[in-house]
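Naming follows writing order (A, B, C and D), and every chain is counted from residue 1.
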Amino acid sequence: MSTIHETEIRVRYQDADGMGIVHHSKYLVFFEEARVAMTRDAGYPYRQMEEDGLFFAVAKITCQYIAPARFEDLLRVKTTIKMLGLAKIEHLYELYRGEELLAKGEAKLAAVDRDGKPRMIPDFFIKRYLNPSIE
Amino acid sequence: MSTIHETEIRVRYQDADGMGIVHHSKYLVFFEEARVAMTRDAGYPYRQMEEDGLFFAVAKITCQYIAPARFEDLLRVKTTIKMLGLAKIEHLYELYRGEELLAKGEAKLAAVDRDGKPRMIPDFFIKRYLNPSIE
Amino acid sequence: MSTIHETEIRVRYQDADGMGIVHHSKYLVFFEEARVAMTRDAGYPYRQMEEDGLFFAVAKITCQYIAPARFEDLLRVKTTIKMLGLAKIEHLYELYRGEELLAKGEAKLAAVDRDGKPRMIPDFFIKRYLNPSIE
Amino acid sequence: MSTIHETEIRVRYQDADGMGIVHHSKYLVFFEEARVAMTRDAGYPYRQMEEDGLFFAVAKITCQYIAPARFEDLLRVKTTIKMLGLAKIEHLYELYRGEELLAKGEAKLAAVDRDGKPRMIPDFFIKRYLNPSIE
């Protein structure tokens, strides 16, 4: 599976911590923004999805920190779909500043309903997600 | 009106920003924690309240920053009820580290339902809120 | 004084709170992003400024909440310089979604050095800030 | 190695996201609070440590989400030292609400100086950290 998506993220002043670098928890927020943008670009915005009663709960996350991101950096997240199941998605994330790789992450997401119970990912979404250019 | 409530708050590492001091937006989070604790101590926790369909929306906030709070500080918020109406509450907040006053704030809150429409504050809550010691 | 600046801000998923709307403390983060962008566009990025030992500490903030911002909204902050002194700046902020005014804010900022002591705002910055188009 | 430390954490209103449950990035903030409390209880507060030029940079983090934490929950983090090297620490974290396990995490931390260069962990700190009861 090789669908790849890229998103730009501007680091906010408030993303940095007392060490003057982006707080390590914020990388998870950036990865989330990347998958939200990916879904929006696939024609099914998260907000619409949530109104339809489909949510993605994070089941597991991993992040490896290679070099610090800083305030005002314009970052780029490259998201790859590693696995796409009936009610599960796995993503790989790479966070770049220019050509420099700052972090690598991985997320396992479970499709759930409003009460947190497993839910099938709609077929039309899977098709668009894997091939955003189709109508 | 003079009901006063005090809450202790431990500054988290992530509350500080790149200047090494608590980010100014976090003072609003501290004030919120103070009113949440005040409500809990009045015997009607926010979570219960929200399950009952009662929410408090912030209509206006003011904060004056006097001296910076720092990471690991154990702070104290003194909350005073300035006004309590049928569907409105106004609070004054004073944030202290020991005897040093770090900030002063003021919030106007509107009682609303799940859709953001005005809602009466229940009578029993007003009584408990003004006098937490009554049963 | 009438210099006006506009900045676009995309609401992050994590900016919303348990009520499903943007947490009221995040508006202060949006106003901050607006002034940071304003400074960057005036040719003197905050990061450079902080490396030069010039910081802006928030002395007072006010925010009036008119209508809720939601996740994935693309917002626009209109910043007006209300006052510009030797070591002080006052801003007015208006937060819009399309043509709808969501919030109005005001910030008093004090120019300080690394130790929080008052510092003069450099003359060249004042000129550029008031007229970003000059070289 | 079996030194274990426990810390209580009160979930703030602002820790929850639009799904009404604690945002997954906040678990990393809770783990951080646990190690900060552990260090404080070992007699060498983070703030003192940072003034001495010793910082802990997160090199890798993993978190497995088992059940959601909610607003106002009083949580407990159980931290175990998995590895303690000359310039590295590895922790295991377990997050509980009462007896219910909500999440499990793991962090690899690197001791660095102000410029992010590797630094030896002081001997006296290792001793206290492994045995907080010694003088």
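Just so it is clear, a residue touches a chain if its C-beta (ideal position, glycine included) is under 8 Å from a C-beta of that chain, and two chains touch if they have at least 3 such contacts.
All values reported here derive from a predicted model rather than from experimental measurement.
Visitor: Measuring centre to centre, with centres taken as mean CA positions, what chain is farthest from chain B?
Guide: Between chain B and every other chain, the largest centroid distance is to A.
Visitor: Please state whether A-D or A-B has more C-beta contact pairs across its interface.
Guide: Higher C-beta contact count between the two pairs: A-D.
Visitor: What is the distance, in whole Å, between the centres of chain B and chain D, each centre taken as the mean of its C-alpha atoms?
Guide: Measuring from centre to centre gives 28 Å for this pair.
Visitor: Measure off the straight-line distance from the CA centroid of chain A to the CA centroid of chain B, and report it in whole Å.
Guide: Once rounded, the distance between the two centres reads 34 Å.
Visitor: CA centre of chain A versus CA centre of chain D: separation in Å?
Guide: 25
Visitor: Mind pulling the residue numbers of chain B that touch at least two other chains?
Guide: Touching at least two other chains: 13-14, 18, 25, 29, 32, 71.
Visitor: In the complex, go through chain B and note every residue touching chain A.
Guide: Interface residues on chain B, with respect to chain A: 13-14, 16-18, 20, 23, 25, 71.
Visitor: Give every residue of chain B touching chain C within the complex, in rising order.
Guide: 18-19, 24-26, 28-29, 32, 50, 55, 57-65, 68, 116
Visitor: Quick check on the complex: what are the chain C residues that touch chain A?
Guide: Counting only chain C, the residues touching chain A are 10, 12-14, 29, 32-33, 36, 40, 45-47, 70-72.
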